[in-house]
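Each of the next two complexes has chain A plus one more chain, namely chain B in the first and chain C in the second.
And then the complex of A and B:
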C-alpha cells in the first residue's frame, strides 16, 4: 500500500509550494499576487520552462487557498463560499444614477404598497375561455353585446343625465389630472437633480412668470392696477438707443471727431 | 434717416481713411456750413445740416436720396464706397495715380489699371492702399486699390496689374438706375 502511494506521489507534482514571500490573495476575485523577485539566471536558462513552472506553482497555491475555504454542499455538488473581493476594479461605465421617485412611489414605499402584476388574460366565465383584458384581441366577437349596454341610474341622480357621457367625461378628467401630476413629478425631479428644493423652484418659476405678465401690456404695465406692497419691476428689455436726427449738431460733430481719432490711432 | 451709430461710424471711417487718411477731419469741420453723415436705407449720405433738416419732413419710404451718397453698408456690415463719393475723395486724396490717355477707356469700362497705362504715381505709395485715379490732365476717373508699391511697379512687366479697380465714372452710365 505504502509503495503504491509513493509511486503515485512520484507521478504527480507536490501540492506544497514554498515561496520566500507568501502570496497576497484576493479570493473574491479568484486572484493572487506574487511579489517574489524573479531569478534572472533561471529565466535566462529556459524562459518557457521557467514561466510554466512559475505559473503552475502559483496556480497550485490559489487552488490550495480555495480548498481551505468553508464549503457548502448541495444537490449539484460541493461549493466553496468566496469572501468579498478586496481589489477594486475600475468601471467602464459610470455608476447608474438613482431614479428620483415620484410622489406616488414615495407614498407606496412608506406604506409598503407593492406593485402587483396583473395578467393580461382574464378567464371569461360565460364562454369558458381566456380573453385579453385590453388591447389586441380583447373583443374576439365584434358583434358581442358590450358589458355596459345598460347603466343603472344611481339614486338621487338626475334621471335625464346621460350616464355614458358622464362616464366618458370622468375618464377624460382622470387623464387630465394624471397628466398634470406627471408634469409636476417631472418638474420636481428636475429641481432635485439641480439640488434645488422643488417648492423653491416652483416659487421662482411663478415669480418669473408674473414678472413677464406684468410687463406684457402695451404700456409695460404702467397703467395696471397695483396690489398693495407690490414689488417694483425694473424694465428688463434692452432698448436700442439711437441719437436724435436733429439733435445738438455741435455735440454730434465732436463725437464723430472723437471716433475718428480712435479709429485712425488704432490703425497706426 | 438717422445718425450713424458708433460702430457704423468706425467701419465707415476705416474705409474712408484708406483713401484720404486724416483728411476726414476736413469733411466734418467745414468753414462754410455744418455737414453731417446720415444713414438712410443702409446708405451713408453726406449732407449739410440745413438740407438734412428739410429732409426730415419727408417720409422714410418717400425719401429717395439727400446730399451726396458716399456708399452703402453691405448685409455683412462692411462698408462699400460708391463712385458718387469721388468728388470728395479726389479733393483730399493722399495717393494719386495718373493714367495715360490710351488707358482711360479700359479703366472706365471697369478694368484694372495695367503697368502699360500707368502715367505717373505718387512716390512711396504702399501696397494694398486706396488710391485715386486721374487722367493725365488731372480729371478724376475713379478709385482703386494698389496692387504693387511704387518701387515694385518699376520692375513690373507691361501687362501686370498696378491698381485693382473699385469704382470709375463709367458707372454713371452703366449703373444709372442703381446710383443714388
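And then the complex of A and C:
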C-alpha cells in the first residue's frame, strides 16, 4: 500500500523546497522575503535561468504558505483568508480627524438617542396605498382641503387673535433660533479645532466687539462706562484732527513741496 | 494648491467624499509620466509598468517638464488633480540615461523618491508568453539579504511593494494568483557599494502535485529590468511617523483579564463577590437529600405531613 502511494506521488514533481534560512512571509501583501545569500558566481553564469529558478523555488514556498491558510469556498472558487499585512506601508492621506460633535449630538450620545431613518414612503390610509412623503410622486391633490382649514382656538386665548398668523410666527421663530444654534455650533467647532476653550473664544470675541463699538461714540469711548476687567487701550479717546480742505494755501504748498523733495532724494 | 470645490450635485459630492481621508484607504493610484526628454526604452518601460498596475494606473501620454528632485510643485498638482499618490517619472538625458523615478506622496506632498537607471530592458511584448489578466493581485518575492540590511534597499522594497500591491484584500481567490514580481538584489563585495537590482515578472502555472499544494512552474511575462541605484530622497522621521499612524478604529483592542501561558492554555481572570460559605453547594450525596430528612420528621410526628411540606 505504502509503496503504491509513494509511486503515486513521484509521478508529479515535488512541492518541497529546501532553504538554509526559512523565508519570511507577509501574506497580507502576498509577499515573501528570502534572506539567503545569493551565490554571485551562479548569478553571473546564467543570470536569467538562475533568477527564474530562484523565483520558482520561492514562489513554490509562498504558494505552499498561501494554500495552508484557512479557506472559504464560494461560487467563484476557493478563497484563502489572508492575515493582516505586517509590512508597514505609509498611508496615502493623513488619518481622518474626529468629527466635532454639535451640542445636540453630544447630548444624544450621552443619552443614547439614536437617529431613526424616516422611510421615504408612507402609508396612506385613505387610499390604502404607499405614497412618497416628499419628492417625486408625492402628489397631493390640489383640490383636497388642507389639513388646517380649521384651527381650534385654545380655551384661554384671545378670540380675536389670528391663529394662522400665530402658527406662522412660531415657525419663523423656530427657524431663527435653530439658525442661531447652528451658528453657535460652527463657532464652537472652530474654537475646538484651534484648541481654544469655546467659552473663552466667545468671551474674547465679545470683548473685541465691545472695544470696536466704543470707538463709534463721539468721544471714542472716553466717557463711556468702564467694564469690569476691561483691558486698557492705547490712545483711546484721542481723535485725529485733519486739516481743513480750504484755507491756508501757503502751508499746503510747503507740505507738498516737502513730499516732492523727499521722493526725489530717495530716487537719487 | 487647487481651488476648493464646493459640490453642486450629489454625484460630485460623492466623488469628493471618496477623496477625503479615510480610515481604510482606497488603493493607491499611480501616474506614469514622461519627463521633458525620453527615449523608446523609457516610454515602453512606462507603458509596461502602467499595464501591470492597471486598473489603478493613469498614463500621461504627453511630455511634461518635470524634475522631481528639483521641483515637486507639478507632481503635487497632478497628485491633487487625479487623486493619485504614486508616480513613475521616466526621463532620458546624457547624464542619467534611461531613468525612472519612483515617487510616493503623502497628503499630496512628496514623501519619498527613488531614482533608478534602467539597464538591460525587455518589454512585455518581447516575451511570447501568456499574460496575466488585468486587476490581479501580484505575489512578491524579494531575494537577497541586502533587502534586510541596507537602508536604500529596504526603502526600495517598501516602495515597490506599495507601488504594485493594489488594494489590501481580506481574502484572495486561489485561482487568481496569476503572476509574481521577483526583485533580486545582486550581492556586493564591498558593503558600501550598490549592486544591480533585477526586477522580473513571471506568470504562475499551477500543476498537479499529488498534495494539497500545487506544483508551481513559472514563465517569464515581462517587463524585465536590471536597475541601478541613482539619486534618492527619503522622508523625514516625523513625516513618516505621521504617514504610518494607525487610526484608532483599526488598532487592536486590548483584551482584559485573558492571558495565554507558554503551553498555549488560555487563562481567564474573573472577579467575584465574597462567597457565602453557608450556602455553598458541596458534593451531592443521596443520603443527605432533603426528602430523607422529611421522612424522618414524618416518622416522628405523623399527623403533620402538611406542615412538613411547607417547612
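Keep in mind that, in the parts below, the second predicted complex is superposed on the first by the 190 of 268 C-alpha atoms of A that agree within 3 Å, B and C clash if a C-alpha of one lies under 4 Å from a C-alpha of the other, contacts with A are read in each partner's own complex, and residues count from 1 in each chain.
Basically, contacts are C-beta pairs under 8 Å (C-beta built on N, C-alpha and C of every residue); 3 or more make two chains touch, one makes a residue touch a chain.
In this text the structure is predicted, and so the values were computed from the model without any measurement.
Asks: Between chain B (first) and chain C (second), which, if any, makes contact with A:245: first, second, both or neither?
Replies: first
Asks: Would you sort A:201 into first (chain B), second (chain C), both or neither based on which partner it touches?
Replies: Touch status of A:201: no partner.
Asks: Which one hits more chain A residues, chain B or chain C?
Replies: Chain A has more residues touched by C than by the other partner.
Asks: Touch check for A:260: first (chain B), second (chain C), both, or neither?
Replies: first
Asks: Would you check which partner chain A:56 touches, where first means chain B only, second means chain C only, and both and neither mean what they say?
Replies: It touches chain C, and chain B stays clear.
Asks: Using the superposition described at the top, list the residues of chain A that contact chain B and also contact chain C.
Replies: Shared contact residues on chain A: none.
Asks: Quick one: which bits of chain B touch chain A in the complex? Just the residue numbers, please.
Replies: Within the complex, chain B touches chain A at residues 1-3, 5-6, 9-10, 13-14, 17, 21-22, 24-25, 28-29, 34, 36-38, 49, 52-53, 56.
Asks: Over in the complex, which chain A residues touch chain B? Could you list them?
Replies: Residues 242-246, 249, 252-253, 256-257, 259-260, 262-264, 267 of chain A touch chain B in their complex.
Asks: Enumerate the contact residues on chain A facing chain C in the complex.
Replies: Touch residues, chain A against chain C: 8-9, 11-15, 28-40, 43, 47-48, 51-52, 54-56, 58-60, 62-64, 66-68, 71-72, 76-82, 85, 87-97.
Asks: State the interface residues of chain C toward chain A in the complex, per the touch definition above.
Replies: 20-23, 25-26, 28, 85, 104-107, 111, 137-145, 147-148, 157-158, 161-162, 165, 168-177, 180, 182, 184-187, 198, 200, 202, 204, 206-218, 220, 235, 240, 242-247
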